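Handing you this structure, nothing more for now.
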(Lines give C-alpha, C1' and ligand atoms only; values in the text may rest on other atoms or scores of the structure.)
Protein backbone atom coordinates (compact mmCIF):
# COMPACT_ATOMS: atom_id res chain seq x y z
CA UNK A 1 0.00 0.00 0.00
CA UNK A 2 1.42 3.32 -0.99
CA UNK A 3 1.02 6.26 1.29
CA UNK A 4 0.65 9.77 -0.05
CA UNK A 5 2.05 12.68 1.84
CA UNK A 6 0.18 15.14 -0.31
CA UNK A 7 -3.48 14.18 -0.54
CA UNK A 8 -4.57 17.79 -0.76
CA UNK A 9 -2.21 18.68 -3.55
CA UNK A 10 -3.61 15.89 -5.65
CA UNK A 11 -7.04 17.35 -5.06
CA UNK A 12 -5.90 20.64 -6.64
CA UNK A 13 -4.64 18.81 -9.69
CA UNK A 14 -7.94 16.92 -9.92
CA UNK A 15 -9.83 20.20 -9.96
CA UNK A 16 -7.53 21.71 -12.59
CA UNK A 17 -7.88 18.60 -14.74
CA UNK A 18 -11.64 18.80 -14.37
CA UNK A 19 -11.53 22.49 -15.38
CA UNK A 20 -9.32 21.64 -18.38
CA UNK A 21 -11.88 19.02 -19.45
CA UNK A 22 -14.62 21.67 -19.31
CA UNK A 23 -12.56 24.07 -21.43
CA UNK A 24 -12.13 21.39 -24.11
CA UNK A 25 -15.78 20.37 -23.87
CA UNK A 26 -17.02 23.94 -24.42
CA UNK A 27 -14.70 24.35 -27.43
CA UNK A 28 -15.78 20.98 -28.85
CA UNK A 29 -19.50 21.81 -28.59
CA UNK A 30 -18.85 25.28 -30.09
CA UNK A 31 -17.17 23.69 -33.10
CA UNK A 32 -20.01 21.16 -33.43
CA UNK A 33 -22.57 23.99 -33.22
CA UNK A 34 -20.91 25.83 -36.10
CA UNK A 35 -20.78 22.65 -38.19
CA UNK A 36 -24.58 22.62 -38.32
CA UNK A 37 -25.59 26.14 -37.35
CA UNK A 38 -29.12 26.64 -36.14
CA UNK A 39 -30.00 29.59 -33.88
CA UNK A 40 -32.32 27.27 -31.95
CA UNK A 41 -29.76 24.49 -31.53
CA UNK A 42 -29.84 22.84 -28.09
CA UNK A 43 -26.03 22.96 -28.20
CA UNK A 44 -26.18 26.67 -27.23
CA UNK A 45 -27.77 25.72 -23.90
CA UNK A 46 -25.31 22.87 -23.54
CA UNK A 47 -22.36 25.31 -23.71
CA UNK A 48 -24.12 27.47 -21.12
CA UNK A 49 -24.36 24.41 -18.83
CA UNK A 50 -20.65 23.71 -19.26
CA UNK A 51 -19.97 27.34 -18.40
CA UNK A 52 -22.02 27.09 -15.19
CA UNK A 53 -20.19 23.92 -14.15
CA UNK A 54 -16.88 25.63 -14.88
CA UNK A 55 -17.87 28.54 -12.59
CA UNK A 56 -18.50 26.05 -9.78
CA UNK A 57 -15.09 24.41 -10.27
CA UNK A 58 -13.41 27.83 -10.17
CA UNK A 59 -15.14 28.65 -6.89
CA UNK A 60 -14.18 25.20 -5.54
CA UNK A 61 -10.52 25.87 -6.34
CA UNK A 62 -10.55 29.28 -4.63
CA UNK A 63 -12.48 27.91 -1.64
CA UNK A 64 -10.00 25.05 -1.30
CA UNK A 65 -7.17 27.56 -1.53
CA UNK A 66 -8.55 29.31 1.54
CA UNK A 67 -8.77 26.10 3.50
CA UNK A 68 -5.44 24.56 2.49
CA UNK A 69 -2.13 25.34 4.10
CA UNK A 70 0.29 23.58 1.77
CA UNK A 71 -0.27 24.04 -1.94
CA UNK A 72 1.56 22.33 -4.84
CA UNK A 73 2.71 25.71 -6.20
CA UNK A 74 2.35 29.35 -5.16
CA UNK A 75 -1.10 30.26 -3.95
CA UNK A 76 -1.34 33.29 -6.21
CA UNK A 77 -0.46 31.16 -9.26
CA UNK A 78 -3.21 28.69 -8.44
CA UNK A 79 -5.57 31.62 -8.16
CA UNK A 80 -4.47 33.15 -11.45
CA UNK A 81 -4.62 29.82 -13.28
CA UNK A 82 -8.16 29.17 -12.02
CA UNK A 83 -9.35 32.66 -13.02
CA UNK A 84 -7.81 32.54 -16.49
CA UNK A 85 -9.07 29.03 -17.23
CA UNK A 86 -12.57 30.17 -16.30
CA UNK A 87 -12.21 33.07 -18.77
CA UNK A 88 -11.64 30.66 -21.69
CA UNK A 89 -14.99 28.93 -21.06
CA UNK A 90 -16.77 32.27 -20.50
CA UNK A 91 -15.54 33.59 -23.85
CA UNK A 92 -16.42 30.40 -25.74
CA UNK A 93 -19.92 30.63 -24.31
CA UNK A 94 -19.98 34.37 -25.09
CA UNK A 95 -19.21 33.74 -28.77
CA UNK A 96 -22.05 31.20 -29.03
CA UNK A 97 -24.42 33.60 -27.24
CA UNK A 98 -23.63 36.45 -29.66
CA UNK A 99 -24.39 34.28 -32.70
CA UNK A 100 -27.87 33.76 -31.28
CA UNK A 101 -28.32 37.34 -30.03
CA UNK A 102 -27.34 38.81 -33.39
CA UNK A 103 -29.68 36.45 -35.21
CA UNK A 104 -26.88 35.23 -37.46
CA UNK A 105 -28.27 33.33 -40.48
CA UNK A 106 -25.21 31.97 -42.16
CA UNK A 107 -21.82 31.11 -40.68
CA UNK A 108 -18.75 32.49 -42.47
CA UNK A 109 -16.00 30.23 -43.70
CA UNK A 110 -13.52 31.59 -41.13
CA UNK A 111 -15.44 31.12 -37.86
CA UNK A 112 -15.39 27.29 -37.88
CA UNK A 113 -11.67 27.49 -38.73
CA UNK A 114 -11.15 29.77 -35.74
CA UNK A 115 -13.21 27.41 -33.55
CA UNK A 116 -10.99 24.56 -34.76
CA UNK A 117 -7.88 26.45 -33.65
CA UNK A 118 -9.55 27.20 -30.30
CA UNK A 119 -10.28 23.49 -29.84
CA UNK A 120 -6.65 22.59 -30.62
CA UNK A 121 -5.43 25.27 -28.18
CA UNK A 122 -7.69 23.95 -25.41
CA UNK A 123 -6.39 20.42 -26.04
CA UNK A 124 -2.76 21.57 -25.81
CA UNK A 125 -3.78 23.40 -22.64
CA UNK A 126 -5.26 20.25 -21.14
CA UNK A 127 -2.06 18.36 -21.93
CA UNK A 128 0.02 21.10 -20.29
CA UNK A 129 -2.21 20.98 -17.19
CA UNK A 130 -2.02 17.17 -17.05
CA UNK A 131 1.79 17.39 -17.21
CA UNK A 132 1.93 19.92 -14.33
CA UNK A 133 1.70 17.06 -11.82
CA UNK A 134 5.23 16.10 -12.77
CA UNK A 135 7.68 18.99 -12.95
CA UNK A 136 10.37 16.68 -14.34
CA UNK A 137 8.39 16.91 -17.57
CA UNK A 138 8.96 20.67 -17.69
CA UNK A 139 10.40 20.44 -21.22
CA UNK A 140 7.19 18.82 -22.46
CA UNK A 141 4.99 21.35 -20.64
CA UNK A 142 6.87 24.19 -22.31
CA UNK A 143 6.43 22.50 -25.69
CA UNK A 144 2.66 22.57 -25.19
CA UNK A 145 2.93 26.25 -24.32
CA UNK A 146 4.92 26.94 -27.50
CA UNK A 147 2.23 25.04 -29.43
CA UNK A 148 -0.47 27.30 -27.92
CA UNK A 149 1.57 30.37 -28.93
CA UNK A 150 1.78 28.98 -32.47
CA UNK A 151 -1.98 28.36 -32.55
CA UNK A 152 -2.65 31.87 -31.33
CA UNK A 153 -0.68 33.24 -34.29
CA UNK A 154 -2.71 31.08 -36.69
CA UNK A 155 -5.89 32.34 -35.03
CA UNK A 156 -4.75 35.93 -35.61
CA UNK A 157 -4.23 35.21 -39.30
CA UNK A 158 -7.65 33.57 -39.72
CA UNK A 159 -9.26 36.54 -37.97
CA UNK A 160 -7.36 38.90 -40.28
CA UNK A 161 -8.52 37.00 -43.38
CA UNK A 162 -12.06 36.97 -42.04
CA UNK A 163 -12.02 40.71 -41.38
CA UNK A 164 -10.56 41.45 -44.82
CA UNK A 165 -13.32 39.43 -46.53
CA UNK A 166 -15.97 41.08 -44.40
CA UNK A 167 -15.10 44.50 -45.73
CA UNK A 168 -14.71 43.18 -49.28
CA UNK A 169 -17.89 41.07 -49.36
CA UNK A 170 -20.37 42.82 -47.09
CA UNK A 171 -21.40 46.29 -47.97
CA UNK A 172 -23.67 46.07 -44.89
CA UNK A 173 -21.94 47.78 -41.95
CA UNK A 174 -24.25 46.14 -39.39
CA UNK A 175 -23.09 42.70 -40.55
CA UNK A 176 -19.49 43.88 -40.33
CA UNK A 177 -20.01 45.08 -36.74
CA UNK A 178 -21.66 41.81 -35.69
CA UNK A 179 -19.04 39.54 -37.25
CA UNK A 180 -16.15 41.67 -36.07
CA UNK A 181 -17.35 41.17 -32.50
CA UNK A 182 -17.90 37.42 -32.92
CA UNK A 183 -14.39 37.01 -34.38
CA UNK A 184 -12.92 39.12 -31.59
CA UNK A 185 -14.57 37.15 -28.79
CA UNK A 186 -13.45 33.83 -30.32
CA UNK A 187 -9.93 35.16 -30.85
CA UNK A 188 -9.85 36.45 -27.27
CA UNK A 189 -10.75 32.92 -26.09
CA UNK A 190 -7.62 31.69 -27.91
CA UNK A 191 -5.64 34.63 -26.44
CA UNK A 192 -6.76 33.55 -22.97
CA UNK A 193 -5.42 30.04 -23.68
CA UNK A 194 -2.11 31.81 -24.34
CA UNK A 195 -2.45 33.69 -21.02
CA UNK A 196 -2.98 30.36 -19.23
CA UNK A 197 0.07 28.99 -21.08
CA UNK A 198 2.08 32.02 -19.92
CA UNK A 199 1.02 31.40 -16.32
CA UNK A 200 1.96 27.73 -16.66
CA UNK A 201 5.34 28.73 -18.16
CA UNK A 202 5.82 31.10 -15.26
CA UNK A 203 5.08 28.32 -12.73
CA UNK A 204 7.47 25.92 -14.46
CA UNK A 205 10.10 28.65 -14.62
CA UNK A 206 9.82 29.32 -10.87
CA UNK A 207 10.35 25.67 -10.09
CA UNK A 208 13.06 25.36 -12.77
CA UNK B 1 -2.71 55.34 25.29
CA UNK B 2 -2.36 52.75 22.57
CA UNK B 3 0.90 52.51 20.72
CA UNK B 4 0.99 51.44 17.10
CA UNK B 5 3.88 49.42 15.81
CA UNK B 6 2.79 49.94 12.23
CA UNK B 7 2.19 53.61 11.56
CA UNK B 8 3.28 53.34 7.95
CA UNK B 9 1.05 50.42 7.18
CA UNK B 10 -1.94 52.37 8.35
CA UNK B 11 -0.93 55.11 5.94
CA UNK B 12 -1.19 52.63 3.04
CA UNK B 13 -4.64 51.60 4.12
CA UNK B 14 -5.65 55.27 4.39
CA UNK B 15 -4.55 55.85 0.80
CA UNK B 16 -6.38 52.75 -0.44
CA UNK B 17 -9.51 53.79 1.41
CA UNK B 18 -9.22 57.26 -0.12
CA UNK B 19 -8.82 55.70 -3.57
CA UNK B 20 -11.85 53.44 -2.94
CA UNK B 21 -13.88 56.55 -2.04
CA UNK B 22 -12.88 58.14 -5.33
CA UNK B 23 -13.91 55.05 -7.29
CA UNK B 24 -17.36 55.15 -5.67
CA UNK B 25 -17.62 58.91 -6.15
CA UNK B 26 -16.89 58.70 -9.89
CA UNK B 27 -19.46 55.90 -10.30
CA UNK B 28 -22.04 57.85 -8.27
CA UNK B 29 -21.62 61.01 -10.36
CA UNK B 30 -21.74 58.94 -13.57
CA UNK B 31 -25.08 57.44 -12.51
CA UNK B 32 -26.37 60.90 -11.55
CA UNK B 33 -25.24 62.29 -14.92
CA UNK B 34 -27.22 59.62 -16.78
CA UNK B 35 -30.30 60.26 -14.67
CA UNK B 36 -30.56 63.75 -16.17
CA UNK B 37 -28.43 63.59 -19.28
CA UNK B 38 -27.20 66.87 -20.69
CA UNK B 39 -24.06 67.02 -22.88
CA UNK B 40 -23.18 70.30 -21.17
CA UNK B 41 -23.70 69.01 -17.64
CA UNK B 42 -21.09 70.25 -15.12
CA UNK B 43 -21.04 66.68 -13.79
CA UNK B 44 -18.81 65.67 -16.72
CA UNK B 45 -16.09 68.03 -15.46
CA UNK B 46 -16.71 66.82 -11.92
CA UNK B 47 -15.91 63.23 -12.92
CA UNK B 48 -12.77 64.53 -14.64
CA UNK B 49 -11.74 66.22 -11.36
CA UNK B 50 -12.28 62.98 -9.43
CA UNK B 51 -10.14 61.22 -12.03
CA UNK B 52 -7.30 63.74 -11.58
CA UNK B 53 -7.44 63.35 -7.79
CA UNK B 54 -7.39 59.58 -8.20
CA UNK B 55 -4.24 59.85 -10.35
CA UNK B 56 -2.54 61.79 -7.56
CA UNK B 57 -3.48 59.15 -4.96
CA UNK B 58 -2.09 56.41 -7.22
CA UNK B 59 1.20 58.27 -7.54
CA UNK B 60 1.23 58.82 -3.76
CA UNK B 61 0.85 55.10 -3.16
CA UNK B 62 3.67 54.21 -5.57
CA UNK B 63 5.89 56.97 -4.15
CA UNK B 64 5.26 55.76 -0.62
CA UNK B 65 6.04 52.23 -1.76
CA UNK B 66 9.49 53.42 -2.80
CA UNK B 67 10.15 55.08 0.53
CA UNK B 68 8.74 52.38 2.81
CA UNK B 69 10.63 49.33 3.94
CA UNK B 70 7.91 47.34 5.65
CA UNK B 71 4.60 47.04 3.84
CA UNK B 72 1.36 45.46 5.09
CA UNK B 73 1.35 43.01 2.19
CA UNK B 74 3.61 42.22 -0.76
CA UNK B 75 4.95 45.29 -2.49
CA UNK B 76 3.93 44.06 -5.95
CA UNK B 77 0.37 43.47 -4.74
CA UNK B 78 0.14 47.03 -3.42
CA UNK B 79 1.39 48.21 -6.78
CA UNK B 80 -1.09 46.09 -8.72
CA UNK B 81 -4.00 47.09 -6.52
CA UNK B 82 -3.17 50.80 -6.94
CA UNK B 83 -2.87 50.48 -10.73
CA UNK B 84 -6.09 48.52 -11.14
CA UNK B 85 -8.10 50.80 -8.85
CA UNK B 86 -6.94 53.77 -10.90
CA UNK B 87 -8.17 52.00 -14.05
CA UNK B 88 -11.74 51.83 -12.69
CA UNK B 89 -11.89 55.63 -12.30
CA UNK B 90 -10.23 56.18 -15.71
CA UNK B 91 -12.82 54.02 -17.44
CA UNK B 92 -15.76 55.63 -15.64
CA UNK B 93 -14.47 59.01 -16.75
CA UNK B 94 -13.85 57.61 -20.25
CA UNK B 95 -17.47 56.50 -20.58
CA UNK B 96 -18.71 59.97 -19.59
CA UNK B 97 -16.26 61.61 -22.01
CA UNK B 98 -17.46 59.47 -24.92
CA UNK B 99 -21.09 60.42 -24.33
CA UNK B 100 -20.06 64.03 -24.79
CA UNK B 101 -17.61 63.39 -27.64
CA UNK B 102 -20.19 61.41 -29.61
CA UNK B 103 -22.81 64.10 -29.07
CA UNK B 104 -25.27 61.56 -27.65
CA UNK B 105 -28.81 63.00 -27.53
CA UNK B 106 -30.77 60.38 -25.72
CA UNK B 107 -29.59 57.82 -23.19
CA UNK B 108 -30.67 54.19 -23.75
CA UNK B 109 -32.55 52.25 -21.10
CA UNK B 110 -29.59 49.93 -20.49
CA UNK B 111 -26.77 52.42 -19.78
CA UNK B 112 -28.18 53.73 -16.46
CA UNK B 113 -28.76 50.10 -15.46
CA UNK B 114 -25.14 49.31 -16.26
CA UNK B 115 -24.02 52.40 -14.33
CA UNK B 116 -26.11 51.18 -11.39
CA UNK B 117 -24.29 47.83 -11.46
CA UNK B 118 -20.96 49.66 -11.67
CA UNK B 119 -21.88 51.72 -8.60
CA UNK B 120 -22.82 48.57 -6.67
CA UNK B 121 -19.55 46.92 -7.72
CA UNK B 122 -17.52 49.94 -6.56
CA UNK B 123 -19.32 49.88 -3.22
CA UNK B 124 -18.59 46.18 -2.72
CA UNK B 125 -15.01 47.02 -3.68
CA UNK B 126 -14.82 49.73 -1.05
CA UNK B 127 -16.13 47.32 1.57
CA UNK B 128 -13.54 44.72 0.57
CA UNK B 129 -10.78 47.34 0.79
CA UNK B 130 -12.01 48.54 4.20
CA UNK B 131 -11.95 44.94 5.44
CA UNK B 132 -8.36 44.39 4.25
CA UNK B 133 -7.07 46.02 7.44
CA UNK B 134 -8.18 42.96 9.33
CA UNK B 135 -7.22 39.66 7.74
CA UNK B 136 -9.25 37.76 10.33
CA UNK B 137 -12.26 38.94 8.32
CA UNK B 138 -11.00 37.06 5.26
CA UNK B 139 -14.32 35.22 4.87
CA UNK B 140 -16.15 38.55 4.64
CA UNK B 141 -13.61 39.99 2.16
CA UNK B 142 -14.08 36.98 -0.08
CA UNK B 143 -17.85 37.41 0.11
CA UNK B 144 -17.48 40.94 -1.26
CA UNK B 145 -15.32 39.54 -4.06
CA UNK B 146 -17.96 36.92 -4.90
CA UNK B 147 -20.53 39.74 -4.92
CA UNK B 148 -18.40 41.67 -7.44
CA UNK B 149 -18.18 38.55 -9.62
CA UNK B 150 -21.96 38.25 -9.47
CA UNK B 151 -22.39 41.92 -10.45
CA UNK B 152 -19.99 41.50 -13.34
CA UNK B 153 -22.20 38.70 -14.70
CA UNK B 154 -25.28 40.92 -14.40
CA UNK B 155 -23.37 43.68 -16.20
CA UNK B 156 -22.59 41.26 -19.04
CA UNK B 157 -26.26 40.42 -19.39
CA UNK B 158 -27.35 44.07 -19.46
CA UNK B 159 -24.71 44.81 -22.08
CA UNK B 160 -25.95 41.83 -24.12
CA UNK B 161 -29.54 43.04 -23.93
CA UNK B 162 -28.44 46.55 -24.85
CA UNK B 163 -26.47 45.31 -27.85
CA UNK B 164 -29.34 43.11 -29.03
CA UNK B 165 -31.76 46.06 -28.92
CA UNK B 166 -29.26 48.30 -30.67
CA UNK B 167 -29.23 46.06 -33.72
CA UNK B 168 -33.00 45.57 -33.57
CA UNK B 169 -33.93 49.22 -33.03
CA UNK B 170 -31.25 51.28 -34.75
CA UNK B 171 -30.86 50.86 -38.44
CA UNK B 172 -28.15 53.54 -38.14
CA UNK B 173 -24.74 51.84 -38.01
CA UNK B 174 -23.02 54.97 -36.67
CA UNK B 175 -25.30 54.93 -33.62
CA UNK B 176 -24.55 51.23 -33.15
CA UNK B 177 -20.80 51.89 -33.25
CA UNK B 178 -21.05 54.74 -30.73
CA UNK B 179 -23.24 52.87 -28.26
CA UNK B 180 -21.28 49.64 -28.59
CA UNK B 181 -18.19 51.53 -27.47
CA UNK B 182 -19.95 53.29 -24.58
CA UNK B 183 -21.35 49.97 -23.33
CA UNK B 184 -17.95 48.34 -23.68
CA UNK B 185 -16.11 51.03 -21.72
CA UNK B 186 -18.69 50.90 -18.91
CA UNK B 187 -18.60 47.11 -18.86
CA UNK B 188 -14.79 47.19 -18.77
CA UNK B 189 -14.99 49.46 -15.70
CA UNK B 190 -17.03 46.71 -14.02
CA UNK B 191 -14.54 44.09 -15.29
CA UNK B 192 -11.73 46.10 -13.68
CA UNK B 193 -13.62 45.99 -10.37
CA UNK B 194 -13.49 42.21 -10.82
CA UNK B 195 -9.73 42.42 -11.50
CA UNK B 196 -9.28 44.38 -8.25
CA UNK B 197 -11.41 41.75 -6.48
CA UNK B 198 -9.17 39.02 -7.94
CA UNK B 199 -6.07 40.83 -6.65
CA UNK B 200 -7.69 41.20 -3.23
CA UNK B 201 -8.61 37.50 -3.25
CA UNK B 202 -5.05 36.69 -4.18
CA UNK B 203 -3.73 38.81 -1.25
CA UNK B 204 -6.13 37.16 1.20
CA UNK B 205 -5.22 33.74 -0.16
CA UNK B 206 -1.49 34.40 0.34
CA UNK B 207 -2.10 35.36 3.96
CA UNK B 208 -4.64 32.54 4.45
CA UNK C 1 41.39 42.26 -15.04
CA UNK C 2 37.95 42.48 -13.55
CA UNK C 3 36.11 39.31 -12.76
CA UNK C 4 32.35 39.12 -12.98
CA UNK C 5 30.41 36.98 -10.60
CA UNK C 6 27.27 37.34 -12.65
CA UNK C 7 27.97 36.56 -16.29
CA UNK C 8 24.53 35.05 -16.81
CA UNK C 9 22.70 38.02 -15.39
CA UNK C 10 24.41 40.30 -17.84
CA UNK C 11 23.19 38.03 -20.61
CA UNK C 12 19.59 38.63 -19.51
CA UNK C 13 20.13 42.38 -19.63
CA UNK C 14 21.67 42.05 -23.10
CA UNK C 15 18.58 40.24 -24.33
CA UNK C 16 16.24 42.80 -22.78
CA UNK C 17 18.25 45.63 -24.31
CA UNK C 18 18.09 43.89 -27.66
CA UNK C 19 14.31 43.48 -27.27
CA UNK C 20 13.99 47.17 -26.33
CA UNK C 21 15.90 48.10 -29.50
CA UNK C 22 13.44 46.05 -31.56
CA UNK C 23 10.46 47.77 -29.92
CA UNK C 24 11.90 51.19 -30.84
CA UNK C 25 12.80 50.02 -34.33
CA UNK C 26 9.28 48.77 -35.09
CA UNK C 27 7.79 52.06 -33.82
CA UNK C 28 10.31 54.09 -35.84
CA UNK C 29 9.51 52.23 -39.08
CA UNK C 30 5.78 52.52 -38.39
CA UNK C 31 6.10 56.30 -38.05
CA UNK C 32 8.21 56.44 -41.22
CA UNK C 33 5.62 54.34 -43.07
CA UNK C 34 2.85 56.77 -42.14
CA UNK C 35 4.95 59.74 -43.22
CA UNK C 36 4.82 58.50 -46.82
CA UNK C 37 1.94 56.06 -46.85
CA UNK C 38 1.84 53.54 -49.65
CA UNK C 39 -0.02 50.23 -49.25
CA UNK C 40 2.79 48.56 -51.21
CA UNK C 41 5.59 50.09 -49.15
CA UNK C 42 8.47 47.68 -48.38
CA UNK C 43 8.42 49.13 -44.85
CA UNK C 44 5.39 46.93 -44.05
CA UNK C 45 7.50 43.80 -44.61
CA UNK C 46 10.35 45.40 -42.68
CA UNK C 47 8.13 45.75 -39.58
CA UNK C 48 7.11 42.12 -40.04
CA UNK C 49 10.80 41.14 -40.03
CA UNK C 50 11.41 43.11 -36.82
CA UNK C 51 8.43 41.31 -35.31
CA UNK C 52 9.84 37.89 -36.23
CA UNK C 53 13.23 38.80 -34.72
CA UNK C 54 11.46 40.01 -31.58
CA UNK C 55 9.66 36.65 -31.27
CA UNK C 56 13.02 34.88 -31.38
CA UNK C 57 14.44 37.12 -28.62
CA UNK C 58 11.38 36.42 -26.47
CA UNK C 59 11.87 32.68 -26.88
CA UNK C 60 15.59 33.08 -26.12
CA UNK C 61 14.76 34.86 -22.85
CA UNK C 62 12.30 32.17 -21.77
CA UNK C 63 14.68 29.37 -22.83
CA UNK C 64 17.51 30.99 -20.88
CA UNK C 65 15.19 31.32 -17.90
CA UNK C 66 14.74 27.55 -17.91
CA UNK C 67 18.47 26.91 -18.02
CA UNK C 68 19.59 29.55 -15.49
CA UNK C 69 19.60 29.07 -11.76
CA UNK C 70 20.39 32.58 -10.55
CA UNK C 71 18.48 35.43 -12.18
CA UNK C 72 18.97 39.19 -11.68
CA UNK C 73 15.37 39.59 -10.51
CA UNK C 74 12.42 37.28 -9.89
CA UNK C 75 11.94 34.66 -12.59
CA UNK C 76 8.25 35.45 -13.02
CA UNK C 77 9.06 39.15 -13.53
CA UNK C 78 11.57 38.32 -16.26
CA UNK C 79 8.91 36.18 -17.87
CA UNK C 80 6.26 38.89 -17.64
CA UNK C 81 8.59 41.59 -18.94
CA UNK C 82 9.57 39.45 -21.95
CA UNK C 83 5.94 38.63 -22.79
CA UNK C 84 4.75 42.23 -22.49
CA UNK C 85 7.65 43.65 -24.49
CA UNK C 86 6.86 41.19 -27.26
CA UNK C 87 3.23 42.41 -27.24
CA UNK C 88 4.33 46.00 -28.06
CA UNK C 89 6.07 44.84 -31.26
CA UNK C 90 3.15 42.54 -32.19
CA UNK C 91 0.67 45.41 -31.89
CA UNK C 92 2.84 47.84 -33.86
CA UNK C 93 3.07 45.27 -36.62
CA UNK C 94 -0.68 44.60 -36.29
CA UNK C 95 -1.50 48.27 -36.87
CA UNK C 96 0.64 48.36 -40.02
CA UNK C 97 -0.95 45.11 -41.25
CA UNK C 98 -4.48 46.47 -40.81
CA UNK C 99 -3.69 49.59 -42.87
CA UNK C 100 -2.78 47.27 -45.73
CA UNK C 101 -5.59 44.75 -45.15
CA UNK C 102 -8.24 47.49 -45.08
CA UNK C 103 -6.84 49.06 -48.25
CA UNK C 104 -6.50 52.45 -46.57
CA UNK C 105 -5.98 55.20 -49.15
CA UNK C 106 -5.30 58.24 -47.09
CA UNK C 107 -3.85 58.51 -43.59
CA UNK C 108 -5.72 60.68 -41.06
CA UNK C 109 -4.02 63.56 -39.27
CA UNK C 110 -4.19 61.75 -35.91
CA UNK C 111 -2.55 58.41 -36.74
CA UNK C 112 0.98 59.80 -37.35
CA UNK C 113 0.57 61.81 -34.10
CA UNK C 114 -0.35 58.60 -32.28
CA UNK C 115 2.61 56.80 -33.89
CA UNK C 116 4.85 59.66 -32.68
CA UNK C 117 3.63 59.17 -29.12
CA UNK C 118 4.19 55.41 -29.46
CA UNK C 119 7.77 56.06 -30.62
CA UNK C 120 8.40 58.37 -27.63
CA UNK C 121 6.92 55.76 -25.26
CA UNK C 122 9.15 53.01 -26.70
CA UNK C 123 12.20 55.27 -26.29
CA UNK C 124 11.34 55.97 -22.64
CA UNK C 125 10.87 52.23 -22.27
CA UNK C 126 14.30 51.52 -23.69
CA UNK C 127 15.84 54.03 -21.27
CA UNK C 128 14.03 52.40 -18.35
CA UNK C 129 15.28 48.96 -19.45
CA UNK C 130 18.85 50.25 -19.86
CA UNK C 131 18.71 51.68 -16.33
CA UNK C 132 17.52 48.37 -14.85
CA UNK C 133 21.11 47.13 -14.74
CA UNK C 134 21.74 49.57 -11.91
CA UNK C 135 19.08 49.60 -9.20
CA UNK C 136 20.75 52.58 -7.54
CA UNK C 137 19.20 54.58 -10.38
CA UNK C 138 15.71 53.58 -9.25
CA UNK C 139 14.59 57.22 -9.09
CA UNK C 140 15.51 57.69 -12.75
CA UNK C 141 13.80 54.43 -13.78
CA UNK C 142 10.60 55.54 -12.09
CA UNK C 143 10.81 58.89 -13.88
CA UNK C 144 10.85 57.07 -17.23
CA UNK C 145 7.80 55.11 -16.08
CA UNK C 146 5.98 58.32 -15.13
CA UNK C 147 6.89 59.69 -18.57
CA UNK C 148 5.31 56.61 -20.21
CA UNK C 149 2.16 57.14 -18.13
CA UNK C 150 2.06 60.75 -19.32
CA UNK C 151 2.48 59.68 -22.95
CA UNK C 152 -0.29 57.13 -22.58
CA UNK C 153 -2.64 59.92 -21.48
CA UNK C 154 -1.66 62.01 -24.50
CA UNK C 155 -2.27 58.98 -26.71
CA UNK C 156 -5.77 58.63 -25.24
CA UNK C 157 -6.52 62.26 -26.06
CA UNK C 158 -5.30 61.94 -29.66
CA UNK C 159 -7.38 58.82 -30.10
CA UNK C 160 -10.40 60.65 -28.67
CA UNK C 161 -9.90 63.58 -31.06
CA UNK C 162 -9.45 61.16 -33.95
CA UNK C 163 -12.64 59.27 -33.07
CA UNK C 164 -14.63 62.49 -32.70
CA UNK C 165 -13.52 63.69 -36.15
CA UNK C 166 -14.26 60.30 -37.66
CA UNK C 167 -17.90 60.55 -36.70
CA UNK C 168 -18.07 64.20 -37.71
CA UNK C 169 -16.27 63.87 -41.05
CA UNK C 170 -17.06 60.39 -42.33
CA UNK C 171 -20.63 59.56 -43.00
CA UNK C 172 -19.29 56.16 -44.16
CA UNK C 173 -19.68 53.65 -41.31
CA UNK C 174 -17.24 51.19 -42.91
CA UNK C 175 -14.49 53.82 -42.79
CA UNK C 176 -15.36 54.52 -39.16
CA UNK C 177 -15.09 50.81 -38.28
CA UNK C 178 -11.73 50.48 -40.03
CA UNK C 179 -10.17 53.57 -38.47
CA UNK C 180 -11.57 52.84 -35.04
CA UNK C 181 -9.76 49.51 -35.09
CA UNK C 182 -6.48 51.01 -36.36
CA UNK C 183 -6.56 53.69 -33.63
CA UNK C 184 -7.37 51.07 -31.01
CA UNK C 185 -4.51 48.77 -31.99
CA UNK C 186 -2.03 51.67 -31.99
CA UNK C 187 -3.35 52.92 -28.65
CA UNK C 188 -3.12 49.41 -27.22
CA UNK C 189 0.56 49.32 -28.26
CA UNK C 190 1.07 52.45 -26.13
CA UNK C 191 -0.99 50.86 -23.32
CA UNK C 192 1.32 47.85 -23.43
CA UNK C 193 4.31 50.18 -23.00
CA UNK C 194 2.53 51.32 -19.84
CA UNK C 195 2.09 47.68 -18.77
CA UNK C 196 5.83 47.12 -19.24
CA UNK C 197 6.46 50.31 -17.23
CA UNK C 198 4.18 48.97 -14.47
CA UNK C 199 6.13 45.70 -14.40
CA UNK C 200 9.41 47.64 -14.26
CA UNK C 201 8.02 49.79 -11.43
CA UNK C 202 6.97 46.63 -9.63
CA UNK C 203 10.50 45.17 -9.99
CA UNK C 204 12.12 48.38 -8.72
CA UNK C 205 9.63 48.52 -5.86
CA UNK C 206 10.44 44.93 -4.81
CA UNK C 207 14.15 45.75 -4.69
CA UNK C 208 13.43 49.15 -3.08
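As written, the chain order gives the labels A, B and C, with residue 1 at the start of each chain.
Note that in this section a contact is a pair of C-beta atoms (placed from the backbone, for glycine too) under 8 Å apart; a residue touches a chain by one contact, two chains touch by 3 or more.
Since the structure is predicted, the reported quantities are computational estimates derived from the model, not experimental observations.
Asker: Based on which chains are in contact, what kind of graph results: line, ring, star, complete or other?
Answerer: complete
Asker: To the nearest 5 degrees, please report the angle of the rotation taking subunit A's Cα atoms onto subunit B.
Answerer: 120
Asker: Centroid of subunit B to centroid of subunit C, CA atoms only: how many Å?
Answerer: 27
Asker: Listing for subunit C: what residues touch at least two other chains?
Answerer: In subunit C, the residues touching two or more other chains are 173, 177.
Asker: So in the complex, which bits of subunit A are touching subunit B?
Answerer: 59, 62, 65-66, 75-76, 78-80, 83, 94, 97-98, 101-103, 173-174, 177-178, 181
Asker: Of all residues in subunit C, which touch subunit B in the complex?
Answerer: On the subunit C side, the touching residues are 138, 142, 146, 156, 160, 163-164, 167, 171, 173, 176-177, 180, 198, 201-202, 204-206, 208.
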